[in-house]
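Common to both upcoming complexes is subunit A, partnered first by subunit B, then by subunit C.
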Partner chain A sequence: MDAYKYIGQPVVKVDGKEKVSGAALFTDDLEFGPDLLYAEVVEGPHAHAMINSINISDALKVPEVLAVVTGKDFPYNFGLYMNDRYIFAQDRVRFFGEQIAAVIARTPQAAIKGAQLVKVNYTPLPKVLSPLDAIKEDAEILHPDLKNYVHVPWFFPKADTNIAHHRKIRKGEVDKGFEEADYILEDTYEVPRYSHCAIEYHAAVAKYDHSGRLTVWASSQSPNTQRNLFAKALAPLGIRHNDIRVIAPHVGGGFGSKAGVTMEIMAAAIAIKVQGHPVKMIWNREREFYNTYQRLGVVAKLKIGVKKNGTITALKHDLYWDAGAYVEYAANVVNAVGLSAIGPYNIKNVSIDSYCIYTNLPPGGPYRGFGYSEFLFGLESHMSRIAKHLGIDDVEIRRKNMIREGDLTAYGAHMNPNGLLEAIDKVAKEIQWNTKIKSTDPDLAIGKGFALFWKAPAMPPNASSSCFLKFNEDASINLLVSGMDIGQGFLTVMAQIAAEVLSVPTSKIRTENPDTDRNPYEWQTVASHVTWSCGNAVKNAAIDARDQIFSLVARSKFLPVESLYLEDEKVKCRTQPTFELALKDFIINGIQMNDGTYRGGPVIGRGIFMPEFSSTNADPETSQGGHPNVHYTVGAAAVTLEIDKQTGKMKVLKVVEAIDVGKAINPDLVKGQIIGGLLQGISTVLYEEMKFDHRGKMLNPNFTDYKIPTALDIPEEIVPIIIEVPQPDGPFGARGMGEHPMIPVAPMIANAIDDALDIRIKSMPITAEKLCLEILKSNK
Partner chain B sequence: MKKISFLLNGESRAIYVAANETLLEVLRDRMGTKSPKCGCDSGDCGACTVMLNNKTVRSCLVFAIETDGQEIITLEGISKNGLSPLQKMFLERNVFQCGYCAPGMILSATELINNNPHPTLHEIKEAIAGNLCRCTGYTPVVEAILEITKQEV
Partner chain C sequence: MAIPYEFAYEKPATLDLAIKLLGEHGKNARLLAGGTDLANQMKQGFRVPQLLIDIKGIHELEVIRMVANELHIGALVTFNDIRSSRLIREKANILHEAAGMVASTGVRNRATMVGNICSAVACMDSATPLLVHESVVHTLSANGEKKYPIQDWFIDNRKTAIQDDEIVTHVSIPIPEEKYAGAYQKMMRYSGEDLSQSNVSVLMLSDKQFRVAFGSVGPIPKRSPKIEKLLHSEGISKETIDKAKAMIETVIAPITDVRATKEYRMHMTKVMFERALNTAMERYKQPRVISY
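Up next, the complex of A and B:
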């Protein structure tokens, strides 16, 4: 077994005390003094309309209003992967509630009053509220300029249509594969939009001081990416990267909503118009729903062919994504799913078409799972339906077709080492898959459902991480990284990695959320990749520091470098057991020689990581040839579900989930992700539902009408299972797992319903009401 | 504006408030007490939970003017003499993730334990059912409260 002291231990979170004591400060908790200004946005009341004119004169007359800014002030587009967004609407609005202007005032009340007095004249345009409508021949085109938008090279927009990107996979001979099949199942699955529902609102405060320095405090998963996009968008105003400083305090939940750039760029931009004043922009719960990213909706047409023995011969998956009004981030969700929509299976003949479609609904974007929850709903429902039709066990058909190390993915790369089989076996055993449970109450039906899952980080091939590690006099450490602790425990895990290499306890390692001026670069805290990517950077920095320590001790104590090792904050020597030198005795001030001179100086480690094997170069017609995904994290899950046949109400009696995390650097935190992610997944199936009216206006943007679970809704029993098949290029073998817990939940529950009642639900959510109506229809 | 005074975390404070100022606004913006958070401003989420005369309230639903002469405790007040056994249990078990709901959640759990030192599982769930958390899935919170209330038998 491994002889690790800090890796694999349930170390107490480095920010735990701040959080249980009330000391933790979030963006809106920071004080900015009596000169703080407040901004309120003016929102468009149309899903699609031309803006004819904006009259700000009445707003400017409101006492304490200092300025009103509109799209004319910032005629710049921006975006993470495609520049299709604007800081404020330009000539038209494309979703209900889109920002048109902002009023800046001394008090929030004055700003709100001013915003109410901004008069906008519109000409409504035909609106497109569903992806299938948006791809009809005569559909209204939302982005006539699509062909001119700058985008990453792996996107393929279709000019003069609403298709912003089309990811296409062709592998093997799909027609032949279907000809070889004994049974083909073809059906359509629908997954609607969802909201992240972080409890903390988006918040940003920006100050453009009289020296030309722009500082932004933001609740963010992506401080460096925000700085980069602010700098690029605001470059025409003479702002450069080193003029901008993004400071990221604690984040009250992200789940993808605070990745990339959304409302923060408004704060950054408007601050330039009120130079010298800090200006705060904070969302409210309503805007959290309709003007941040939403999870994309999808209509997925799936066709799978199998032999009688259950072997899959071909898969065709066509996914039509409701990506919303702007897709600068969402198009990469579509891309990621396009690459991975075969699921964790070894399939020779594959055809995938994943379409990113503009609609007049709020912008889609990253949400925990990044599209995988959505396509797995159909895929894993399909697998159970096929098993049922063939009379093969649900678990068996998955074992038979599952992807193994070395098998080819849909885009032709080799699958990484993984513990999928172990996950399947352990979950099946724990849920007692072969034992049927029957309730003694005739009104209750009990079913079991199984699902597999996989997910790869979706990121540019050159997404990188870095770390500075500096010692203090007492051999305590400041670890500077720019990943964000959004609750998942990132900072604790980074401290554990440095602790392991340097033998310094985590209690002596201080690592905090970043400031782009002080901390080195990190792409973003998304994609379940920071433990792996930034973990490698931290490990490299710790090794760099250790090398410096050994080199210094070797040359000043005349010991061979290779004989030195670290233990309990001391340098020790294998060949001279009596030798030991405490780090605190030389780590800053060096080692004194016999002649009174010193050797050494402050030890500062530096580490970087970039996955240099990753590439998006591939044939756009087939996606064959590149290596777009660094690796997949896989797992299995199962549920025992109780259904009240009179009401449709469901209760999760037991849920089991196994994830191959490579190495659980902190098993407490891994289990925390599994338990929390499962409930978030359950919530998307049983409770949450966004309602839009015919105007494209969201009708339930609040927690009274958009339900997320409370403590009374938790499963009766949850069994998290950690599988550890090391990731060869992961720090101590670790790979990411933050998003994964929620992604198998929807099909797992749909499969359990079918097991209990012989009713197949093909659209989400599966609320009690929907199930009850289905039960009535089926007369069961 | 009316002058009111109250005991906040054991300290006497006095302030002029407008009739429409909520307790949450006054605590956060004018008293410097930042642990109560705003998560919905309509009483749904419980992030703004504070104790008013030893009973939990949603401070976004209480007008500050109503609290004249009363006693208010926020998480700062609980923490000022060192972490309570409940807080220590939450800390050691790595219960919270983002921690935004923690101040409200801890006050609701503290109220429960004050009134009912040995609650049942259902009583624990009910006591924190008004505090929404999107990270933890609640189970770790519930288990920690169960553990501490068992210990004190």
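Up next, the complex of A and C:
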């Protein structure tokens, strides 16, 4: 039973009024006065080339241009998990559009004009545009220095190749498993790159003042990680962590693109060259596509063996990732998938090889789902194909093989408590899985598709969160955390957690996006981990404050601590029903004793959280032995899809998705995430498609030709289902769910198409055009 | 993104002043109405006019009215003006239907139909409805008025018959006296705003009289006399429609580009032609000319 007052309630977003009224300020809204300068980057027109010379003299002659910086000014590399990236290109460019220099001027127009006048002389090099080409023996090597790059201990780069990391899983006896199989299905699935398409562009303003203080205002998911990487990259200039202050205004969408560090480091570095001036750098839509992060592409070779009754005997999954020119973040996507590419199944014999491969395409990086959408496309397509071959129901084969609490994951750790079976059953019921629908229009075919999903946060084993909780005189609270509200409702959920522990209503809790000087440490707002991790820190801070309150009341009112509790912003006592003391009467100024003296003082709560059980220590040849993932969030989804057989156009008539969130701290926000995530997933299947030409230049870096859904493209019916099997170490049992809604969409739609038309599509996206041409082929 | 160069801006209050300015500056000037195409071109440096002549202050160009049996649509009439005009909805439903598929509401609030046919980008939406209505483009310059039948207006992708000193004042659409009905079909990648990858307009004037135009499947939009003749001589049947669909292969020349392959464009044009034809016939059966 729920005795909670704030947890589990659809509390209105704490930043809602600010955003709806227009009071919310985003990075580009901030005013910096007349000293503000603007920076424009110079981009390389080659996917791979040596830079012979850069001539900046004409650019410097443009009136109002103050400075031009190039790679020579910042000969430092940096990166989140591997230092393979540079602030500006050094001796070579590795993707089309890579930044080579920046022009700093008093107006954006002068900066653009100056950038057009920077002359660069190149010698083009052979380029590698696909991961399979990049691992050929005679392939051009993109990073001859790979062996010297600093990286985290759980990466295994292969020197003198384009393989930046190889995650390998060996569990059980795979060959034997396949021998035992009655049926083996082997096939290749391809998932191309995608773009996040946050509506707000990347933007950063940096100021290096004359005292040596570097302040950066950036649209960011990761203020602390940015500060850390700026400090590490700029350390040779004598800059320390405490010299840097990152301020994060509101963010207009992230989806992973604003995690880690991309263009912001240019603004930070440039500012040092024009000391005293704030410098603004703002991306445009084109650069959002080709010079931030892109979702990685993958070619996945999948082999699954099963018994006649559908029991899986073995899985072999080889994933070749197109990780792009720099993989400082992308390599961890590859790693995460390597650990989890068995999907939510209990499989005894497993072989996984996940290769992070350099290509001369824009850098890959984190994107909502972190590789899971990509491998689940093949895996969940495969499961339905196997079911069809064996004549077993799609839902039944999943029930039979699904992972349960206590089963072993691919790396040998135990699966956490979860409600996967409940999710499967509820989704099957809601979509009326056993009822076929037929259209009365002969041009229309209707099919249903099912898919399971799981995902774990991918993060270092010591990724941590922290919180300061400050009471004010009226017992209102300033809750200081460094997670980012990127639209998902993070701040509201943190306020709810503090409210529950302290009995202070959320309307009296102010919690805002962070400033690294004011707010305590948070690793990053990624990995669907902040509700869980930062939520624990907030809960700990609230408990810390509550303990201080009880201790103070106990010693000043002579009541046993165990008898005290909080209700309606008052301290009450179980043994003395008439006793009550309002928080506002003592929370700052203490409690007066009979002799006129006071006890107490301002109550300040402090909370931290680090998952102390997590470890990446494992045998690199098998990945057995560690505990790299803290937990998995699981779920199921199904769709009813209508297809126009003449045009290939698809319409989602109904989509159902159930996720085991442990505890929905705010069910409205959970439903919002499910609906938004499903739409984003549907978009990657039906509409979005990145096109590159033979030079490696992206041909459609704009919304004219890279389509994301509008209000007109929303499915007719969306049913979000919340499952709550508590996460033992989650705040009030909660676990993360932000990324998950989108990850089952691609195979679910591919399965529905197969159900409707008996046509199996094995590459994404599945646009109307692709499907129509397949239908025409099958009619011949 | 800023326009990275400087230019002059004038906003004349009368048509005479605008013509005078245009006469003086010719090629170096561009007329600004909705600006939805021009502003992007200037930002990207595709066009670098030295003078923008903003015609939004010339109110006589805002006209939508019947003059005898002609529907006149002025140069400042936006696509959302078209959408909210009962007159256009009743008299030229194909244009009304097409206007609703142009870009998004925000763009339709600014973008004008005349701007659309002056930019003359191959994927424009207003051309095929105007073609099947045998519309006329009216221009004015210091030398007086000129009329261009719409079929002579489009020269190439982004190129029209207009002269540097001319302003399009309006388009006139002759309204047939007999009963008629039409339909517009547009190939789009999703339901949101999209540039057409192919579009078809069909106007039905009698059981045997049809006008058919194809857009976005060649450098300029065009009518197909061949298909119109086939429908006229053989009458509507499954067989005739199949023949007409096969004939489309000889009429249009779609290309493969970032938006679609030529194979899909060809296939979709056939499907859309049949659907437009069926819709036009459905609508023709209605008791009066109404709109959709």
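Please note the rule applied: the second predicted complex is superposed on the first by the 779 of 780 C-alpha atoms of A that agree within 3 Å, B and C clash if a C-alpha of one lies under 4 Å from a C-alpha of the other, contacts with A are read in each partner's own complex, and residues count from 1 in each chain.
The rule is short, and it goes like this: contacts are C-beta pairs under 8 Å (C-beta built on N, C-alpha and C of every residue); 3 or more make two chains touch, one makes a residue touch a chain.
None of the values given here were measured: they were computed from a predicted structure.
Of the two partner chains placed by superposition, only subunit C is touched by A:E769; subunit B is not. By the touch criterion stated above, A:N700 is placed in contact with subunit C alone, subunit B being left untouched.
Contact with subunit C, but none with subunit B, is seen for A:Q646 once the two complexes are overlaid on the shared chain. Contact with subunit B, but none with subunit C, is seen for A:G672 once the two complexes are overlaid on the shared chain. Once the two complexes are overlaid on the shared chain, A:K113 sits against subunit C while remaining clear of subunit B.
Of the two partner chains, both subunit B and subunit C are touched by A:L712.
Residue by residue along subunit A, subunit B and subunit C are tallied for touches, and B comes out ahead. Contact with subunit B, but none with subunit C, is seen for A:K13 once the two complexes are overlaid on the shared chain. After overlaying the two complexes on the shared chain, residue contacts for A:G253 are found with subunit B alone; subunit C is out of touch.
Contacts of A:L60 after superposition: neither subunit B nor subunit C is touched. The contact surfaces that subunit B and subunit C form on subunit A in the two complexes overlap at residues 284, 704, 709-712. If you check the complex, the residues on subunit A that touch subunit C are 108-109, 112-113, 284, 646-647, 686-687, 691, 699-700, 704-705, 707, 709-713, 767-769, 772-773, 776. Residue ranges of subunit B in contact with subunit A, taken from their complex: 28, 32, 34-35, 37-42, 44-45, 47, 74-76, 78-79, 83, 87-88, 90-103, 106, 124-126, 128-142.
Residues 1-5, 104, 189-195, 258-261, 263-264, 267-268, 271 of subunit C are the ones touching subunit A in the complex. Against subunit B, the residues of subunit A that register as touching in their complex are 10, 12-13, 15-26, 28-29, 31, 196-201, 250-255, 284-285, 486-489, 666, 668-669, 672, 675-680, 702-704, 708-712, 714-715, 718.
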